[in-house]
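Chain nomenclature is as follows: A, B, C and D, assigned in order of appearance, with residue numbering initiated at 1 for each chain independently.
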Amino acid sequence: MTFQILWLQSGGCGGCTMSLLCAESPGLLSTLRGAGISFLWHPSLSEQSGDDVQALLDSVLAGKVALDALCVEGALLRGPEGTGRFHIMGGTGRPMLTWVQALARVARHVVAVGSCAAYGGITAASPNILDACGLHYDGRYPGGALGAEFRDHTGLPVINIAGCPTHPDWVTGTLALLARGQLGATDLDPLGRPRFYADTLVHHGCTRNEFYEYKASARHPSDLGCLMENMGCIGTQAHGDCNTRLWNGGGSCTRGGYACINCTAPEFEEPGHPFETTPKIAGIPVGLPTDMPKAWYVALSSLARAATPERLARNATEDHIVVPPSSRPLRR
Amino acid sequence: MTFQILWLQSGGCGGCTMSLLCAESPGLLSTLRGAGISFLWHPSLSEQSGDDVQALLDSVLAGKVALDALCVEGALLRGPEGTGRFHIMGGTGRPMLTWVQALARVARHVVAVGSCAAYGGITAASPNILDACGLHYDGRYPGGALGAEFRDHTGLPVINIAGCPTHPDWVTGTLALLARGQLGATDLDPLGRPRFYADTLVHHGCTRNEFYEYKASARHPSDLGCLMENMGCIGTQAHGDCNTRLWNGGGSCTRGGYACINCTAPEFEEPGHPFETTPKIAGIPVGLPTDMPKAWYVALSSLARAATPERLARNATEDHIVVPPSSRPLRR
Amino acid sequence: MSDTPPVRRIAGPFNRIEGDLEILLDIAGDHVQEARVNATLFRGVERMLEGRAPMDALVIAPRICGICSVSQSRAAAAALAGLSQVQAPANGRIAANIILATENLADLITHFYLFFMPDFARPDYAHHRWHGAALRRFAAGRGQAVAAALRTRAELLHVMGILAGHWPHTLAIQPGGVSRGIDAEACQRLSGILASVRADLENNLFGVALETVVELADCATLHTWRQHGSASDFGLFLDIAETLELSTLGRAYDCFLTCGSWPGGRDPHNTTPLWPAGIVADGAVLPFAPQDIVEDHAFAHLRDHERVHPPAEGTTVPHLRDGTAYTWCKAPRLAGRPFETGAIARQLVRGQPLIRALVARGGGTVFSRVMARLIEMAALPLLMEQWVRQLEPGAPWYAPHGTLANGQSVGFTEAARGTLGHWLRVENGHIAGYQIIAPTTWNFSPRDAAGVPGPLERALEGAPVRPGEHTPLSVQHIVRSFDPCMACTVH
Amino acid sequence: MSDTPPVRRIAGPFNRIEGDLEILLDIAGDHVQEARVNATLFRGVERMLEGRAPMDALVIAPRICGICSVSQSRAAAAALAGLSQVQAPANGRIAANIILATENLADLITHFYLFFMPDFARPDYAHHRWHGAALRRFAAGRGQAVAAALRTRAELLHVMGILAGHWPHTLAIQPGGVSRGIDAEACQRLSGILASVRADLENNLFGVALETVVELADCATLHTWRQHGSASDFGLFLDIAETLELSTLGRAYDCFLTCGSWPGGRDPHNTTPLWPAGIVADGAVLPFAPQDIVEDHAFAHLRDHERVHPPAEGTTVPHLRDGTAYTWCKAPRLAGRPFETGAIARQLVRGQPLIRALVARGGGTVFSRVMARLIEMAALPLLMEQWVRQLEPGAPWYAPHGTLANGQSVGFTEAARGTLGHWLRVENGHIAGYQIIAPTTWNFSPRDAAGVPGPLERALEGAPVRPGEHTPLSVQHIVRSFDPCMACTVH
């Protein structure tokens, strides 16, 4: 018996699916097959349209077809006025909101794919005229479309594969663990994210780390330096293994030359300042690395700045290495 | 016309070829085809054996077959007593040493694949009864089998794709650049290594970077902490993009839990201390990061150590994360 | 056509399109008489942008749609650049072209293999001699070609890992160029990736060199080529198209629109698009005049439906108007007429001979739309190979844009599905207005105040309906032939 | 056989083996009368180890050979562990098994597709009906199967990226376990990789499920399976083997040796090897007695050739002795006899029924050696899948070994090519002696003081030589049937 998944899309951009299709080592279809997973229906991968889909949904609701996991991509739209009419599932006349609420009740597990489905995400950005929210959260607050009390049949909360987009491995990994019964409550972090990727910070494995160590910072896009001080990077606080796992064969936001905007976090869409600019108070970035007392930051960073080798000072604001590291053989 | 390569192996372990066969995105054969490269002969990939090979070598020496690049894997063995008899090329009665010397004269470019061929490498480890050396270097010193004065027909020195083993991309990248005429003298570092990978330090992109920042160090294999203080890691000085490019679909030495032993450097085989142990003087590691003033190291590390968040202090000596980073949503 | 009174049927949900869609069909016996397209989801991205720092558009806009994310970035960056003096350096322009072309090509592959062709593996076609092959190659989620296409697509998108951080949703595209410079070795890796993508396309999709495909000049050449062509998915498609007469299916107004693609084209110092802008109407190619574009909310659940607006003055205020409105989608019109956009428009205006010939013969149909995409699948890798060779590691990739001025600006780009425009208004350093018209907004527009149906609505008229069909296959083919993206349509 | 006086011919260089090799053939008319194997390269790794810190063996030893690097690490770690009380935790043992099995499987794939089969695509065989297929699939550097095998191998070696940092030359293998613990998601990724490797092997190599291959019980089953088997590389090999009578080619002494593999096997708390240790001599399976091993330098360019030594007392001092010595390779002997080692030995001792049947029928030949490897190619993924499931994220992966004692120790492991032993002596905290006997040292050993040829030398006697052949194909098949690694042979 395979682990059967129904995948629905609502208030999102479809990017989480687009990202999922990039799964490699092995490819998506092999990965799923290897993990014993099948789709009851997926909007991009399934043959059935229209009536066939409606029939399937009915069978699921009727308990005739086992639903091992309901995956939702995109925020749930509660507006206008709580009607959910901002998204009527095509052909059904019924708001996606209530479809999801109904299906979640019969599903063995409920998975929010992407920050939209998890917390509302971009779709819930202010002024949020859509009254959009996540499955189990409304921004940072538990609640959302299913209500804070929601637990699946095994006692798990909604599993929030947050990220905008999600990394294909986050999705396949979560589904495989679920399929093998290896994802328990302790494997989720306090925001419902699988710890296998959320216990890592984006800063871990960032290739700009040496620049960070000396606070040798980029000033413009394409500069090599650390993006924290000026360019809005919050990789030191962002949960995600983007710089460990890497994307599309070796990329990541910071490798691509732009800030980590903390897309795995609730309310990342509302940083309170322009995304690609670091807000500072008295020259000190407002958002400090996780667990770091400001005093230490000041002490350490001023010290580091004082010691910055010319190599890092110069390369930080160049788009290619102009001062290579010395290549003396090491002294023995 | 393709760019024709002759690949010979001498005093090495064949690991550079084994690594090369792991090339991905795209695979080795596509990569070479795409770059217009063909092998006149490669010990693992070619059909011809025995006489056919000898005939080919003769044609190359006679100038009847164009040799665009001579790739040598493995150190050159000069012993015993300068005779080169420690390696006679099978079937030819002639030392590989003199084969290589003769072929290097007719080759458009000469490429040392791996630290053995570049500098002598492991094969030249003391007591070096083989009198092994690299093509163009004897350890850190220019010279080697071809002599310090050697230049190819285009004026380039031997191109040293140092590494033990070499990363497949280092080899395919170098060959592709050569094939397209895009590798000039300024693209090599002072030790003849292609700068595209040698201008990066192994420390760049190491996933243990946050541990490093706080000097939260591993004490045993499998610990998560930084490997510099106790475990012999010299990633802060080692030239190589191992933690940027990654190996075998996402690995690296430090990701694998063991030290970077600086395998791209001449004489890495003689660190003067056990490889996986950090030599210290007065508690300070002897080999400090490139360009790092010792004063700063002392100051920073003692301060950083004092500021180490519990999360890092504890995780450093665990084999999995026991204290996750806090997941409060960020303050705005 | 018969005279039975039409039956109204609501078809949906559609899948293997991006987003959600339903269509109201008035079916008269064996064919569709009228169709009304309903974009069922409202997203309000334009409203989120208001009040933010202009540069935040680079974060928000791409998230309109995960499949044409870079196109949105590109349009936003162009609109922002319009508020400064910045000139992106050649590397920046070329890299942006490569990034966009990568997305477009990935979209084309996704559409052909994942969205469009699987319909022919349906049991409904089991009696056709090509069905076995179609099933083996194209069956949704299972066909060999589907798995292979995913592999090719993933490999292709490594270009994004190298140049753009990741995909979808990169911030690499900036008004002043790109945020990442690469070295010569990375250029070689790009070439390697493109070589392997080309090999896949040549081996699996076309069975011949891409150059051969690009040079297909007319129906005769195509015919000859088919006689001698080796087994390939393209060949299989041609067989299917022939039996199912796809070249007679889904003709709309034969009015086409493109804003032009690949500024800088082959020559890095030339910013005119390599594939020119233009419109085709009444069989003639004419200049593209953006000032003639208006939006009409007559049948959309939006306020301000009383009169049409140029996009720069447009609004997006949801307002349920049951009974009249039947979609969240606005109706864009150019010179008062509905236009179709996409690969077919680009290739027509550019003058690709085969597409011109096909359209001359049968108009814009399921067949000619897909053929235009196939031509682009062959053309794009060739362009990208050149662009990679034109990159100059060491030269700059980015130029700072300084502070952005207040004012109005518009950014156009050709997304995979056609012409995309972002109309930006900045006041007091904040976004005061942001209006977007996406390709599928054109293609899947509802009727306008004059009651003129949108292109898809028109194309569906007369579509054959076989007995017992609820979501007629002909309708599905026609819908998917536009490669619709509903996320874009209503943003 | 004719009575012409033998002609001496020096064949070399051999390729598609690891390292460099030449063979002195005495050819009498149409067959090889005598052969002398010359390992032409001396490397002296044992000497480098002397004087170093014992743990440095983990860095130096793997660099003996890039294709069985992990085997060397494993033997070194075992020898080091022998000088301490350490017991690796279950995760450590299983992970080490997975890492080693990954290498072994990669080696088996490399050997079959890159080293062994390409010979059948040579023009010399153009007249055979299978030649077209062989050419298409196996042509060196070009065959479809070669490219596919490289893809599978690269994907398989992602296991190393996850568990071992990289390959070749990892330091992950430690006396006390492994240096990297992984979480449950990484275990899933391992499973995914193995699933895809399995799919490749099933689709391309075997044409059937691995389970079916593993269960091939005797020649009859094999025959039946061939009748019904779908097209596969395995089937093609069987056809080739039949026409060329590979099952009569290259028989040596039928003496086989294995030290046993997969300590811990299925049960993590049990350290006896899953595939047992043992020797086969005179048709009987007997215990493996390492104390009966000696090395003989009679025909090697080494000092201390006057008498044989147990490895623990061995030396490696190069000393050219032209006229007598003809190789750098020592001659290991067990109980005074030459032994052959490798997959065939493992499968015989383990009692794999098909291999037992084949050897019972025709002895160790080109065919039975390759068949044993094919069986292992099917068996290893199955074992690895199980092991991955046995990993327990959260439980320890490593136990510290404390200080290593002075003294002697030996570490054995089965490398892809057979039994590998490291004999270690530590004095004053430094390595005082390190002697290695690698699989190919056994297989390609020269004559011993008694003039008894090594296994390959024996296997070559009688090999057919066709007119005009300089490096006879039969010789090449026989040589490659041992999957030789010259880097290991003389280290």
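Everything that follows uses one rule, which is that a contact is a pair of C-beta atoms (placed from the backbone, for glycine too) under 8 Å apart; a residue touches a chain by one contact, two chains touch by 3 or more.
Just so it is clear, the model here is predicted, and its values are computed rather than measured.
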Open item on the list: Under the document's definition of touching, what chains do chain B and chain D have as common neighbours?
Closed with: A
TODO: State the pair with the higher C-beta contact count; candidates are A-C and B-C.
DONE: A-C
Open item on the list: If I average the CA coordinates per chain, which chain comes out farthest from chain B?
Closed with: C
Open item on the list: Based only on mean CA positions, could you tell me how far chain A sits from chain C in angstrom?
Closed with: 27
TODO: Could you give the separation in Å between the centres of chain B and chain C, each centre being the mean of its C-alpha atoms?
DONE: 46
TODO: Return the distance between the CA-based centres of chain A and chain B, expressed in whole Å.
DONE: 36
Open item on the list: Quick check: how many Å separate the C-alpha centres of chain C and chain D?
Closed with: 55
- [ ] Enumerate the residues of chain B that touch no fewer than two other chains.
- [x] 25, 27, 30, 246, 249-250
Open item on the list: Give me the residue numbers in chain C that touch at least two other chains, ranges are fine.
Closed with: 155, 158, 183
Open item on the list: How are the chains arranged in terms of who touches whom: line, ring, star, complete or other?
Closed with: other
TODO: Spell out all pairs of chains that touch, sorted by label.
DONE: A-B, A-C, A-D, B-C, B-D
Open item on the list: Under the definition above, what is the set of chain C residues touching chain B in their complex?
Closed with: 155, 158, 183-186, 188-189, 191-196, 199
Open item on the list: Quick check: in the complex, which residue numbers of chain A touch chain D?
Closed with: 25-27, 30-31, 33-35, 169, 172-173, 176-177, 180, 182-183, 187, 194, 196-197
Task: Interfacial residue positions of chain B with respect to chain A in the complex - done: 25, 139-140, 189-191, 193, 195, 198-201, 203-210, 212-213, 234, 236-237, 239, 243-246, 249-250, 262, 265-267, 270-272, 287, 290-293, 295-296, 299-300, 303-304, 307, 309-312, 321, 324-327, 329-332
Task: Complex interface listing, chain B residues touching chain D - done: 9-19, 21-24, 27-30, 39, 41-51, 53-54, 77, 79-80, 85-93, 96, 122-123, 125-127, 129-130, 164-165, 220-222, 242, 246-259, 261, 269, 274-277, 319-320
Task: Touch list for chain C against partner chain A, complex - done: 10-16, 18-22, 38, 40-45, 47-48, 50, 52-53, 55-56, 58-60, 63-67, 69, 110, 114-115, 118-119, 121-122, 139-142, 146-147, 150-151, 153-155, 157-172, 174, 176-181, 183, 318, 320, 393-394, 396-398, 400, 470-471, 476, 485, 487
